[in-house]
Amino acid sequence: MGTEATDVGSDVPLVQLVAPDGARVTTAENAAYRDRVAHLTGEDLRRMYRDMVLTRRFDDEATALQRQGELALYAQGKGQEAAQVGSGRALAPQDYVFPSYREHGVLQVRGVDPVDRLRLFRGEDHGGWDPAATNTHLYTLVIGSQALHATGYAMGVQRDGLVGTGDPGRDTAVVVYFGDGATSQGDVNEGLVFAAVNNAPVVFFCQNNQWAISEPTTRQARVPIYKRGEGFGVPSVRVDGNDVLACYAVTAEALERAHSGGGPTFVEAFTYRMGAHTTSDDPTRYRDRAEEDYWRKRDPIDRLAALLRAEDAWDDAWAAELDAEAEALGERLRREVRELGAPPTSAMFDEVYATPHAQVDEERAWLARYEEETQGDESQEVAR
Amino acid sequence: MGTEATDVGSDVPLVQLVAPDGARVTTAENAAYRDRVAHLTGEDLRRMYRDMVLTRRFDDEATALQRQGELALYAQGKGQEAAQVGSGRALAPQDYVFPSYREHGVLQVRGVDPVDRLRLFRGEDHGGWDPAATNTHLYTLVIGSQALHATGYAMGVQRDGLVGTGDPGRDTAVVVYFGDGATSQGDVNEGLVFAAVNNAPVVFFCQNNQWAISEPTTRQARVPIYKRGEGFGVPSVRVDGNDVLACYAVTAEALERAHSGGGPTFVEAFTYRMGAHTTSDDPTRYRDRAEEDYWRKRDPIDRLAALLRAEDAWDDAWAAELDAEAEALGERLRREVRELGAPPTSAMFDEVYATPHAQVDEERAWLARYEEETQGDESQEVAR
Amino acid sequence: MTAQKLTFARAITEGLRASLESDERVLLMGEDIGRLGGVFRVTDGLQKDFGEDRVVDTPLAESGIVGTAIGLALRGYRSVCEIQFDGFVFPAFDQITTQLAKMRYRSRGRLEMPVVIRIPYGGGIGAVEHHSESPEALFAHTAGLRVVSPSTPQDAYDMIRAAVASPDPVIYLEPKGRYWSKDDVDLDAAPAEGVLDRARVARPGSDVTLVAYGPTVATALKAADALAAEGTSAEVVDLRAVSPIDFPTVVDSVRRTGRCVVVHEAPVFHGVGGEVAARVTEECFYALEAPVLRVGGFHAPYPVAKLEHDYLPSVERVLDAVDRSLSF
Amino acid sequence: MTAQKLTFARAITEGLRASLESDERVLLMGEDIGRLGGVFRVTDGLQKDFGEDRVVDTPLAESGIVGTAIGLALRGYRSVCEIQFDGFVFPAFDQITTQLAKMRYRSRGRLEMPVVIRIPYGGGIGAVEHHSESPEALFAHTAGLRVVSPSTPQDAYDMIRAAVASPDPVIYLEPKGRYWSKDDVDLDAAPAEGVLDRARVARPGSDVTLVAYGPTVATALKAADALAAEGTSAEVVDLRAVSPIDFPTVVDSVRRTGRCVVVHEAPVFHGVGGEVAARVTEECFYALEAPVLRVGGFHAPYPVAKLEHDYLPSVERVLDAVDRSLSF
């Protein structure tokens, strides 16, 4: 059973630039990808490491907050930091991102405030941040539906004339994130149809984390997931999702294609969800420790740390600062999440429509009146 | 514009056994397919020819009946007879067929009565025949939804233990028909997901007739349609849809795979809708005569006639008999379709549910009472 | 006013044309809407005039059409999606219900969804299955959507322009049985106010209120003619919208007439008439001389064409209901 | 009777088990229903006992689940599909509405669709978006479907068995907020008659009729308790089904009490309460002392968890409506 999860093409070659032990991988096949990371300095790598560490800390704190009853639910991203940070770091600021609901690492890179990221999970907001501020859309909970939104957005970018301008500050692309399970949904497949036919500048970034809640990838597909794109005429690639440099490189390639007018790309990042599906889930019911151990040894953060050390890019003072930064993040989350209040009751009716709607207006007025009246009635009600 | 319709992979090699001039095609690649038709005698070929001619006549008569106001609508199959008859003839009686709405040739082969085939188009029935009698499901008008029904049916066949028994009288498979446009629907793609994961004995038979109403195949895909199956791990093949022997051969291969437990296959039959989309359609608005002429020279019936003549399997007496049979079919359709009455008003409420439903029962009773009362009232109503 | 006699369908064409002209971020999307001009020719000529990037022939996938329209809206475009027939909107139901309707709310108003979904709906044209249905109740129950249906060419023109201009998603239901009916349309009028949420008294009267929308307004008006001949004065209220519903106009009428019959093609059971009846009864309890009665489709799938005239609410069935109301 | 105290969820498990045992053509299909036993553990242990071919973990695609269940039904199997949460049924809406509901009718009764769609629905559990909705009206309007919702563990057990045995498709709505409530269940009782279409008087009374189903039956009963303490006798009718609706039972009650309040979690606007109010008013026009009042969700998407208790129909809001009815 420990191997079942990785049945679908675990023997398929994937783009890898850094081995689990932190050594650079140099093959004839990955030469073009090596070129794409050649310009990254030690500082760039440390920045990615920082993003990954802060994302992991965010995850741990959020999980703890949920345990303490401060969040209704939380979906852990642990293990997927390389896929998220690597792809996220390849984006230009003007590129637009459609996450699913587990892309905390992407949000970290894009600069979405950590407290805002938890409003949804606290049950205080259905979204939580302003998408325009960071060109990062809200989380989408209905599996796969954002694939179409991303494709449509990319069709808008085409109409804005922001593809193939040759200006790296203007050319714009879209990245949509979804999981292995999501590939079974009609919407993801229709997204590929529309993207292919329109040659839309969108990257389909599938994190194959081996599980869709309790179902292994073998319940969704019988060939490696990255093959899916090819059937639609969308160039496709499988990448080691625990190798942040490889994820950066394949995303950079896909974005270059999109920016220059080459159209969509399908990326499968082969990774692992190290935690539970959400805090409501109990993975011991469906997967075994051997499998978890196997992947623990491939922890993406450890791998990048090893690379930094191997290349003398590790700096103890910097590491200590990062520790302190993570500490401060944790402290801030513990404090500020608790302080998030509840919206006023009337917020229930706000922004259902942009313009007045008679029924909403009446019901809002009715509830306000009712609440006012029953406020005074409290004692009477208790008597009942 | 004449070429736009065949843009998507018209240069892709396809399985062909008979050239447009009626000569057998012998290549190294088609050897296995040649083997699959080697056993077909002149009589077998004449039987296929007969099916195709009767299907064409059915089409012409139905079109004429629609023009005369006897049918509400009719969807012509002209040009697709080889794809339909060739695939249909490869089926075993116990195999189950899910047609779309244009598979008059498949219905011909399966033995669905010609008058029954027109009940739907007359507006007299939403279906028209008993699926169990010929193992042929009703037409489905919501594009693509039958792909899932077929896959589910095939999953039932698996559970019945009727796959891989080795008994050709028992092994059972399913064939689902749909068009090039349908490949864009989520349901067709989900059908491929479910079929692949379950290794279900189902053949996805896509007739790429170059058009989805007014949209050429280039609006649905940017690579040849048969590629689609491969992305799901479903073996796929493109066949010359105007070559009845090639269609027979690829379907026989796919069915053998399904029957023996090898799972699903995706077939793209490259063909052409020679008529309008339906009798409501006006193809002159979106395609040109040059394209129609190109395909008229590739008429599948002419091709089989040429083959029969080339191989001395043509027999003038038989041809005259077939003419007479077609005449008789036409005569029967003209007579019996006109005689199809309307169901009684109360039929509106029949079979909405299998067991009593209070609202249906009340409304049925109400309408009966109302009709009875207003019958007597007729004069009064006119006065109104 | 420079009125022209236009068919209902053509009035929509002209409304779309005006919208495309006045805002270059307006797009039309759908199956066969380009070169063919749509199966009802409502978009006839528009691709020629506005190009393939603004009048877009999409792949055959309704979820894809609405889902990409949502994405386009996020990028600032205003898409008008054509669904080919009523029965084919359901593959898009998820995108409409869970995404389009809720995106603004989910984002606390930061994201806007100016998307129009045009659906030719209703029966009476002798069509095959899935081509004659009336699904309005299935949209009206979902908050975040506006659900409207015009009954005259002028309203068709005014309402499509208002729908395209609306920052909210609008389900715009076109009574396809009326497409070929003609009437005067003033194409030069300024964009009309309130047409997406104010009912219209289509005919004043004093004895009974007939509430209708879309295709049944004509039915109600014919019934009112017949009633007038018998000395009964019927007021006809054209709701125009079923979300929101302009109850003040209906209630005002029923308070005066004391009787109310609601007419729609959709099945009565759990249909829009239930909402109207419930609410009118709440507001007019002491004014009502009879319960609000409903005339509409039966709780059965839309039947075969040969039976549709027995299924649809006819003038006679409206008169029958009025008789029952009057004799209560 | 050998009653056991079981949770509501466990009563369903046992009903499914009994169905799987009594007919080997019964299958369960859904996401995570196998090894995990479903996210609510309703199918816990069933895959172990009946195998992977009968308790099937499907790909993550609701249209696929329902669409293949239809195909399986055509081959003689009886599938029970689990939709993980209310908000995720919409991708399957097309298959349910245009195929499942209409297949029998389309075939003039030659094809049978014994498919059950189980949907945990309703709110009050502090969940995120799409996990607390009440979509019953969207199914009840479509002919060909039966739409039911149990309110007690015994009914949950009886009704799931009846649903699986039914030759018609059944939308079986499970009030997820009640999953952990416990009550006596007789597992050995013979299959109950009429539980899919007969309402149940959950508490007799004489002054006002409270009509509820699923999660709100408990609310109505609590309200009846409070009213009793004040000297008002409320009758509580548990509809069990919203398609069909057992109007004779409701009408009989309202004719006696003269007052009626309908309570559901779904938005009131275009909700099931409208149908109940319209029809009860038609049948009880002269008996009614006040208009039928409705208590339910507002015309807004289901709100964030922090606000859901203001959104849901509370005992207090039911009492408020009863007060309004009594003082009419």
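Going in written order, the chains are labelled A, B, C and D, and every chain counts its residues from 1.
Basically, a residue touches a chain if its C-beta (ideal position, glycine included) is under 8 Å from a C-beta of that chain, and two chains touch if they have at least 3 such contacts.
This structure is a prediction, so every number in the text was calculated from the model and none was measured.
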* Structure fact -> Co-neighbours of subunit A and subunit D resolve to B, C
* Asked: In angstrom, rounded to a whole number, how far apart do the mean CA points of subunit B and subunit D lie?
  -> 40
* Between subunit A and subunit B, what is the gap in Å from one C-alpha centre to the other? -> 44
* Structure fact -> Rounded to the nearest Å, the gap separating the Cα centres of subunit B and subunit C is 36
* **Touching two or more other chains - residue numbers and ranges from subunit D** => 58-59, 61, 63-64, 87, 90-91, 94, 98, 102, 105-106, 129-130, 143-144, 243, 269, 298-301
* Asked: On subunit B, where are the residues touching two or more other chains?
  -> 125-126, 142, 184-187, 190, 193, 197, 219-220, 352, 357, 359-360
* With chains as vertices joined when they touch, what's the shape: line, ring, star, complete or other? -> complete
* **Residue ranges of subunit A touching subunit C (in the complex, touch as defined)** => 96, 125-127, 130-132, 137-138, 140, 142, 145, 147-157, 159-160, 186-187, 190-191, 193-194, 197, 350-360
* Structure fact -> Per the touch rule above, subunit C residues touching subunit A in the complex are 27, 53, 58-59, 61, 63-64, 66-77, 91, 94-95, 98-99, 102, 104-112, 143-144, 146, 166-168, 197, 243-247
* To do: In the complex, go through subunit C and note every residue touching subunit D.
  => 87, 90-91, 93-94, 97-98, 101-102, 105-106, 129-130, 137-138, 140-141, 143-144, 242-243, 266-267, 269-275, 277-279, 281-282, 285, 290-294, 298-301, 328
* subunit C touches which residues of subunit B in the complex? -> 72-73, 120-126, 141-143, 181-182, 184-187, 212-215, 219-220, 280-281, 285-286, 342-343, 345, 347-349, 352, 357, 359-360, 363, 367, 370-371, 374, 381, 384
* State the interface residues of subunit A toward subunit B in the complex, per the touch definition above. => 183-187, 189-190, 193, 196-197, 199, 218-223, 227-233
